[in-house]
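There are two complexes below, and they share subunit A, which is joined by subunit B in the first and by subunit C in the second.
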Partner chain A sequence: MIRAHIMPLTVLLPLVGAYFILLVGSKHRSLARNVALVTTGATFAMVCFITYLVSNQGTLFYHLGGWAPPLGIELQADPITAFLLLTFAGVSFFVILFAYDILPDEINSKVITRYYALYLVLLGALLGIVLSNDFFNMYVFLEISSIAAAALVAVNGDKLAMEASIKYLVMSTLGSGTVLMGIAGLYMVTGYLNLDYLAGALPQAYASYPLTVLMTLAMLTVGIAVKAALFPLHVWLPDAHGSAPTSSSAILSGLVVKVYIAVLLKLLYRVFPLDFLTTLPLQGSLLVMATLGIFIGSIMAIRQKDIKKMLAYSTVAQIGYVFLGIGLFSEKAMTGAILHVFNHAVMKSMLFLSVGLLIKYSGKRTIADLAGLGRVYPIPMIAFSVGALSMVGIPPLSGFISKWYLGLGALEANHLPFLLVLLLSSLLNGFYYMPIVIAGFFKKETVEIQTHKVPMGAQISLIVLIGATFFFGLFSNIVVDFLAPTVQGLFEVFGGGI
Partner chain B sequence: MRDIIVQVVARMMIPYLQLYGLYIILFGHNSPGGGFAGGTVIASSLILYVLAFGIDDEDLRLSGSVARVIESCGALAYVGIGLAGIFLGANFLSNKGAGFPLGIPGRFLSGGTIVLLTISIGLKVASTMITLFTNLAEKEKEEE
Partner chain C sequence: MDNLFYAMAFIIFLTGFWIMLSHANLIKKIIGMNIMESAIFLFLVAIGYVKDGNAPIIAETNPGITYVNPLPSALILTGIVVSVSVTAFALGLVVRLYQHYGTVDVDEITRMRSEEL
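Then we have the complex of A and B:
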């Protein structure tokens, strides 16, 4: 039974968990975190099962209520979707495991049950966005995710986080509004919301209403770019991710900005024909924005004194890489972009978690104060170093693989300058990550460090994330082979053109 | 602000508002309306009560904690009805396909699970509105 209905059940499980927590959590505080841990764990297991089914049977479809599209709501899982699902469910499980003993100290005890509930709602929304095969459901889940994400930033109610959260909410609501207008436009000219039907009806719609179709494409791209923090629409990100509690920063920087990239992938590669996109100035603008994002994000990160702000700016730069991969319109670059979504999710959540732990124990947020902490807290500092090295792109680590594929993609698409961009930006990444690693292990501590015991859950979760960084760096071919047919398919399907 | 005119008018209006809200929810499957619209109407009647009689009046006001429980139950009920479709051998949220009787179109007892779904949405929306309102009102009271 579960086998046939796995997709809706996967989206429902976190949502049911969230309402269950709200129902019983106010009376039994300690129950909330256990429910959250079990729910995210079970979701992760179900997503693994989806991946297994996809790898055996190919793309899965599910029609809610038994109504076939275009009338009904359709869920779809292909290898790319399954890989993204695995990223989202896996990372959020390890973040909750990490936070098991740490969150109660960090979050006001009045709101902690609601925090877990919001976290699960956010996870459900992320999985829903990835699985939906029609734009309207995607939009509904987008809204759920942006409201839940803004609430996760503001949860403690301190002034900085409140301000950042309002900024985030305003920007992301603007983004959603733009996306909704775009979806309305597509529906107006084609009469469909289902992605496959849209793709079929679009050529004719373009012949009749060229301006409307172009307008909707522009609106959808810009709306998604705001939410995914593509430069210069990233202004909300550093504040929101920098001031949120540790586990929120990890999931926001690692996952929430990525889900909008999943939407963009579906939009650009499954709905709009590729040879139509290449006739537009879209590619140029994506590539320019991505390149500017990479450089300016890195330069701003170098200038930061606050370590969480630095990591947040680094996310702006890394999002640039993903957009670069999407904008190059080549198979290899596309693989690189999808890999980077995963690799960055693992690396950045690991960085935010380890930094959160170090901040918690040392009580300092500035980069200079992290000196010498590596000798007292080896596991968090090793996790930070592995994440940092992977960000820079040192070979056996997973960050190298995604950059390698982006580089190959730049070659394949004959856009050689972007190789230089990749090299230079890796150098810039080294500029702001390496000093912290060196100071953490080799410099004398500037403040007196008290020794605390790092909780078991946090250690396990960091070790697993370190392991994942190594594993997907050394055995990236597993993932690449899994994704290859679908990625090739994306580039083959649209031969007809508009 | 305790105004006798507001209180008398509110006392007269609230039963009708609630009845109207119930009507919108229960006839959502046959006529314009549904869970969301009806839920907000019911919530507005309860909010009107608090506005007229004050947040401290505990007699009839729906307290925040009760509202929160109803809210979760409404959402879980919706999921439960959806899962019933799976247990009966059809897809999630299946209606006729899972064997629910559809009845005669236009009658009150028709449309299979839809009336149950609108009721759970109505519960959820009404209690959410009240939770939002009481949260804001109580926050203000704390700050004073």
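Then we have the complex of A and C:
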């Protein structure tokens, strides 16, 4: 039975876990974190099972309530979806494992059960967005994720986080309002909300209402770009990600921004025919914004004194890479973009988690105060260094692989200037990451450090993330082979790209 | 005249959008958000409307009757729930911010924050 209904169950499980936590959590506070750990772990296991099914049987479909599309809501899991699901469920499991002993110190004990509940709701929404093959269903999950994400920023009730949270909420409501207007427009011209049916009906709709279709495409893209923090719509991100609690920052920067990219991927590659997109100025504007985002994000990151703000600006730059990969419209670049979604999720959550530990133990959050901490806390500092090196793109770490594929994609699509962009930005990344690594191990400490024992869960989770960075750098061909047929399919359907 | 609702929906949408972006007062921002969302709901209802259509309750006695499209209305119900919850959460945040800063003006808050640092 589980096998047949695996997809909706995977979305439901975290949501049910959240309700359960709220039900029992107020009485038994220590139960909440165990429930959260078990639920995320079980979700991860189920996602692994979905991936196994997808790799054996090909794309999975599920019709909610037995209603076939276009009337009913459809869930769909193809290899790309499965890979994204693995990313989301896996990273959020390791973030919860990391936070097992640490969160109670960081979050007010009155709200900690609610924190776990929100976390699980967010996870459920993320999985729902990725799995859904229906635009309105996707919108509902988008809104759930934006409320939960904004709440995860504000949960502690301190002033800065609260202000960042409302800014985040306002911007992401603007974004989702625009997206909903776009969805309404698509429904108006085609009469469908299901992605596959939309794709079938759009060419004819475009022939009859070209302006409306163009406008809906513009609204959807801009709305998603706001939520995914594409430059220059990223203004909310540094504050929100910089002032949130550690585990929130990790999941917000690592996962929540990415899920909107998954929506954009579905929109651009599955719904709108590619030969139609190439006649629009869309590609040019995506590439320009991505490039500006990469550079300005990196430059702003160099200027930061606060380490978490620096990581947040670095996210703006890394999102630029993903948009670059999407905007190049080539197979290799697409592979690079999807790989980078995963690699950045792992690297950035690792960076945020290790930095969170170091901040907690040293009590300081400026970059200069991280000096010398590597000798006292080797594991967090090694995790930080591996993440930093991977961000810069040093082989054999996973960050190198995604940049390699983006570079190949730039060659394939004959956009040579973007090779230069990749090289220059790697240099810039080196500029702000390397001094911290060097100072962390070789300089004298600037602050008085008491030694604390790093909790077991945090150590395991950091070591697994480090391992993942190496593994997916060395054996990236596993993932690439898994994704290749689908990526090729995306381009074949619409006449083989450019 | 057929497109009057669509045009109005867009005008209202842009009004809400503009309010959200241009006003520093957080309460006004939230009002703008609601105006924007109402415009989307108006747009969706207008899509589903069929001229001289009846409520979509299928009755066997009168087969030739035209019905309005019920799907957009169903979507709006969900949309309204979403919009209410976002509004509630945003207002809750504003209340807490007001307790901290004594103002709901974003510019004021930014100024006070930069003075603190």
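In the analysis below, the second predicted complex is superposed on the first by the 495 of 498 C-alpha atoms of A that agree within 3 Å, B and C clash if a C-alpha of one lies under 4 Å from a C-alpha of the other, contacts with A are read in each partner's own complex, and residues count from 1 in each chain.
Please note the rule applied: a contact is a pair of C-beta atoms (placed from the backbone, for glycine too) under 8 Å apart; a residue touches a chain by one contact, two chains touch by 3 or more.
Quick caveat, the model's predicted, so the values are computed rather than measured.
Legend: residue contacts after superposition of the two complexes on their common chain; A:Leu12 is shown touching subunit B, with no touch to subunit C.
Subunit A has more of its residues touched by C than by the other of subunit B and subunit C. By the touch criterion defined above, A:Leu22 reaches subunit B but does not reach subunit C.
Within the superposed three-chain model, A:Leu169 lies in touch with subunit C and out of touch with subunit B [touch as defined at top].
Within the superposed three-chain model, A:Leu64 lies in touch with subunit B and out of touch with subunit C [touch as defined at top]. Once chain A of one complex is fitted onto chain A of the other, the partner contacts of A:Leu280 are absent, as it touches neither subunit B nor subunit C. Of the two partner chains placed around the shared chain by superposition, subunit C is the only one that A:Gly157 touches, whereas subunit B remains out of contact.
Look at A:Met456: by the touch rule set out above, it reaches neither subunit B nor subunit C. Residues of subunit B that touch subunit A in their complex: 65, 68-69, 71-73, 75-76, 79, 82-83, 85-86, 90-95, 97.
Against subunit C, in their complex, subunit A makes its touches with residues 136, 140, 143, 146-147, 150-151, 154, 157, 159-160, 162-163, 165-167, 169-170, 173-174, 177, 180-181, 184, 187-188. In the complex of the two chains, the subunit A residues touching subunit B come out as 1, 5, 8-9, 12, 15-16, 19-20, 22-23, 26, 62-66.
Contact residues on subunit C toward subunit A in their complex (touch as defined above): 13, 16-17, 20-21, 26, 29, 33, 36-37, 39-40, 43-44, 47, 72, 75, 78-79, 82, 85-86, 89-90, 93-94, 96-97, 100-101, 106, 109, 113.
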